[in-house]
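What follows is a set of structures to go through.
In the two complexes that follow, subunit A is the common piece, with subunit B as its partner first and subunit C second.
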Partner chain A sequence: MAGKIFIAIDRLTLALDKLSAKIDLWIPASLQTDNRELTEFVPYHAGMVPILDRQTTLPPKKILLPQVETLLRFEHRKDPQNPLKVSVSLDDKSEVRPALVFGARPCDVKGFLTLDRVFTNGPYVDPYYLERRRNTLFATLVCLQADGTCFCSSVGSGPADTEGSDFRVIPVDGGYVVDALTQKAQSLIDSLGDTPTQHQEAQARQVVEEASQHRVGDLDLTGSAEAFRKRFANDDYWQEMTAQCLSCGICTYVCPTCYCFTITDEIENMRGERLRSWDSCMFYQYTLEASGHNPRPSKLNRYRNRAGHKFSYIPEKYDGLIGCCGCGRCIRSCPVSIDIRQIVGRLKENACESE
Partner chain B sequence: MRVNKFLNNPYLPELATVQEIIQETANIRTLRVSLDDKEKMSEFSFRPGQVGQLSVFGAGESTFVINSPPTRKDYLQFSVMRVGEVTQRIHQLNAGDQIGLRAPLGKGFQYEDMKGHDILFIGGGIGMAPLRTLLLFMIDNRRDYGDIMVLYGARSPQDLCYTYEFQEWKAGGVNLVLTVDSEFPGWKERVGFVPTVLSEESPSPHNRIAVVCGPPIMIKFVLFGLKELGFEDRQILTTLEKRMKCGIGICGRCNIGSQYVCLDGPVFSYEQITGMAQEL
Partner chain C sequence: MIETDTMQLHKLVEEALPELDTMIGWAAGEDALHTTPIFIRGAKSIPRLIWSPFCAQNLTGYLVKPPALKPADKHKQIGICVKGCDSRSLVALIQEKFITRDRLRIFGIPCRGTVDWRKVMRQVRLSHVRSAKVEDNRLIVDDAGGTHKLNLEDVLARKCLRCLYPNPVVYDVLVGEPTVSRIKPEDIYRDVDALEKRPLEERLAFWQSELDRCMRCYACRNACPLCVCQEHCIAETRDPKWLTLRMGIPEKFLFHFIHAMHLAGRCTECGECERVCPMEIPVTLMKEKLNKIMEEMLGYVAGLDPTAIPPLLTFNPSETGV
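What follows is the complex of A and B.
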């Protein structure tokens, strides 16, 4: 049947080899030699084995929003007739290659929906992000590995969510049934495997059905904007919630929806580049003005802004969209185990207590 | 592989050239610049209060209000206080030097809604720059507005900007009240902090709009003073300063709640930001 194939486990690397001949392929793997527990999305090379049995430590965010990228190059040139006069030339050429991300999870892909709104749906469109977005496909696993920090169902998603995905990869006995969900996916899928048997298809349907029923996370964190606004000025609440915070910024680094960036110039002699790099709202310097004034001087202000950004400001700006995909990475990676579920969940509890 | 040269890249500055530099105070300089592309310069249109990102390539970009009015377009004027890395480099520029400019950005003043009203400008230090553009715009359209009062304060007489224009402002029908923080030899105008002089003057809130810009601490006390005089939140406009990078509402840092100073501001009515005043 068109648009559906079965890849046997022992033929997975063969399928990936074929795919990577057609398109730049990213897979979840570990590049660490000392700690294979640390996983991330890496460019595929023949012979690599994807790690598909657990969520990656780092999200695929960098594939569409690189940690550092060049926005433009500049060059100063002296005028030989008048050495006091220096002219500048600018160049913003950039290269984008079609890519496929294999083995992302629904939360990873949902994270990009927040970035999509911010980078492509405002009054200004970010052309760097947009070009990459248009040229990148996602093959998303039906997720059967939720752990105690996962909460995708609390933010309106779930382990079988396909929003933003081009393929659905369904684990079944002995391999994966892969569904093409979009036109672009259709053209890549044919040569990858065999037509699934009726039994495999039935099993795939059952896996999807069960995953769709499964609720990951007990709390309902949707519709928290009102409660956040009511608690905004309650410093005691935020002080209590953030007292342990070390302002280390790991929550923003591992977050699929944290996109805040800085822009800096690097120059050597007469040539240089303007770079965009990930930044973090958890850092004191993030909002520090040259005058010394800082509108968010304490971690209370900064954490409140992070929670507010995801659960109040983004929903307010973008038709209720929550700026959190429930992947749980910030909780898992936090050195002092600050739990955003509890902080946002408690906003709604007794919200009427504070005026 | 696709190689793109973006048609509309909001991060790509226009090249511009510094025409003239005015030393305003010990640490404030005014730059008059024009876009190198003559056609773009003649088509350039903006509202009073809109801002631009000035680039010194190799040092970076910073945001400044275009403080010349849209009614006077021989050049675009920016006033820059030397406080950080980029402003240090801007202060090293000479006439004839090339810079980058991304402008106009932000929303500016809704001057249409201010027609027929009395206007009270309250500025502190470099905070006079964003008020100057609207002030000159109103002087150039003087009949559209009622009484115009400017309360402008600085630490010392040497810290006042645009002193060479004060006569022109007065000739344009502006009641100019100047104040400095303490007594200085030869100073004949007012002495005292801006909020104190405001309550001494006690302008009536009736049919009046207050436009405030200055250091955050001044804004806080002036807001308090205006409320005491009976001004309502919607009668108070302020133009805010924040650390900015992208200038187009994407990079995330200049927010006040869900609004971005670069995109939704920098002009806000106090009504719009009430409740978020903690993060000004």
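What follows is the complex of A and C.
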């Protein structure tokens, strides 16, 4: 039957091998053979085993928004007859190949919905992001591994959310039932497995049903955007909330929705590249102006920007979309255990210790 | 034992608080395996203060990193909790005149080792951790899957397994009983020794593979109490532009080795750089190698004597042939 297949656990690598023959495949895995906690999305090659029993340390963000990408290459040429005359040649060719991300989670994919609004829906469309977005499919797991730091249900998503996904991968006894959700997915699914039995289909329906009922996280964001605006100028609140912060870039780099970037020209002699790189509002240099003035001189200003961006500016600009996917990575990876749920949750409290 | 130490700490802090501007210690973090720093200004926050094997963070950085904690009232002191390793950072900061000894009230805590939560997760995949405690040589964790008992040695931070100074080297009051080191002095560089035995190509490949994972989040630098250039670090300055923003191994290599070289003879091996690294890169190992050289060539160990001058901070015009 088209549109729905069953992949037995012992046939998973075979299915991935078949997929990777048709399309560039990314899977959650550990790059190292030694025993590490660290997992991330990596290009698949035969024999790799996907790690599907837990959320990856790093989200799949880099697949659509690489940490560093070359926007264009340039070369200055002097006219041999007249060395004062310099011409510039530009080359912005880039190749984007169709790709499939297997084993993302609803929060991972939800993260891209924020990036989509910024890069593809505004007055300026980003051709680099758009091209990759159009060519990348997501096979998303129904997530049964929510941890104590997860709060996807609080941000309008949930463990069975399919928004932004092309396939839904449902763990059942002995394997996975995979649903094709989009036209593009339909064309890839047929040869990957067998038709599910009625029992497997029924079990898959039950897994989805139960996951849909499961509320992950109890952060209530009603009124948070407004509460943020009211607290904006209260430096004491932000000072208290961010005193621990080390101003490192971990929370932004592990965040599926952080998209701030910087553009630099890296030049050697007469040629160079224009690079776009991830930036982080936790860094002092983030909004440092050429004059030396910095509108966000201290970590309280910068962390406030992070919280405001996700829970106030984005919802207000993009029809209530929350700029956070509730994956909990920033909490789990923070070296000083800063919890964004508390910082945002307490915005609505009447008074903080110092007020 | 730990519970008694926490109670003793509460009592000592309560007594000292009127003379303190701020008291820096640890409080419960996002789950039972984590703690978070707490900055106490009023007595009602004292009950949140804890001491446990999960108090891994070195808090001394808050005394020097922008915005550095300074007493609003210059007659008051800053109180701070330090383990043995952390106290050595204080010594180095005092030596380098970043802080003044008499402006501090140091609560020294003998430490039997701190737990590395990533090592715990490698042993057993925990979810919704409810409680965690150390009893004798075991870590006992309760999570959604039940109770897990782990061998403490398997989950202690690497720095704790090779710690020679579990007792604070500088303090005003001591919380709890002094303890003994887990390691013989001749073994403390065993990780460096193991790496040095490998051929050059293998060592190069090791560091290339480790550093390739670096995301340049600069958590290692920002967590280091002695990495004091902070906002003017050469890794980020654009004028002059020492490093590009490319994510190649050469850029990462250069950053990490500059970081390590700037700490030669200053690093007290508190292990913060390695603890905070989200990519699990053994960044302290580079500094251990430099410290080994410092000890062998110059007989100097950082962070022990507040009156000593670290060798690379001296300048003697008559020196030749160095």
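Here is the rule we go by: the second predicted complex is superposed on the first by the 345 of 355 C-alpha atoms of A that agree within 3 Å, B and C clash if a C-alpha of one lies under 4 Å from a C-alpha of the other, contacts with A are read in each partner's own complex, and residues count from 1 in each chain.
One rule holds for everything that comes next: a residue touches a chain if its C-beta (ideal position, glycine included) is under 8 Å from a C-beta of that chain, and two chains touch if they have at least 3 such contacts.
Just so we're clear, the structure is a prediction, and the values are computed from it rather than from any experiment.
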*Given the superposition on subunit A, are subunit B and subunit C in a clash or a fit?*
fit
*Touch check for A:E316: first (subunit B), second (subunit C), both, or neither?*
first
*Would you sort A:V96 into first (subunit B), second (subunit C), both or neither based on which partner it touches?*
first
*Based on the superposed arrangement, let me know which partner A:N305 touches: subunit B (first), subunit C (second), both, or neither?*
first
*Kindly classify A:F119 by the partners it touches after superposition: subunit B alone (first), subunit C alone (second), both, or neither?*
first
*Should A:T262 be classified as contacting the first partner (subunit B), the second (subunit C), both, or neither?*
both
*Once the two structures are placed together by chain A, how many degrees is the angle at subunit A between subunit B and subunit C, based on Cα centres and rounded to a multiple of 10?*
90
*Of subunit B and subunit C, which one touches more of subunit A's residues?*
B
_A:M48 in the overlay: touching subunit B, subunit C, both, or neither? Say first, second, both or neither._
neither
*Would you check which partner chain A:L38 touches, where first means subunit B only, second means subunit C only, and both and neither mean what they say?*
second
*First (subunit B), second (subunit C), both or neither: which does A:L14 touch?*
neither
*After superposition on chain A, the shortest CA separation from subunit B to subunit C (Å)*: 6
*Shared contact residues on subunit A for subunit B and subunit C?*
262, 264
*For subunit A, which residues are in contact with subunit B within the complex?*
71-72, 74, 76, 84-88, 90, 92-97, 118-119, 122-128, 131, 135, 229, 232-233, 259-265, 267, 272, 274, 279, 281, 286-291, 293, 295-296, 301, 305, 308-309, 312-314, 316-317
*asked:* Could you list, by residue number, the parts of subunit C that touch subunit A in their complex?
replied: 29-31, 34-37, 39, 42, 45, 57, 61-62, 65-67, 118, 121-122, 125, 127-129, 209, 213, 215-219, 221-223, 230-231, 236, 238, 244-247, 275-276, 278-280
*Could you pull out which subunit B residues touch subunit A in their complex?*
1-6, 8-13, 15, 57-61, 83-85, 87, 96-98, 100, 215-216, 241-243, 245-246, 248-253, 255-258, 263, 275-276, 278-280
_Quick check: in the complex, which residue numbers of subunit A touch subunit C?_
31-32, 35-38, 53-54, 57, 67-68, 145, 147-149, 243-244, 246-250, 253-254, 262, 264, 266, 275, 277, 280, 283-285, 298-299, 331-339, 353
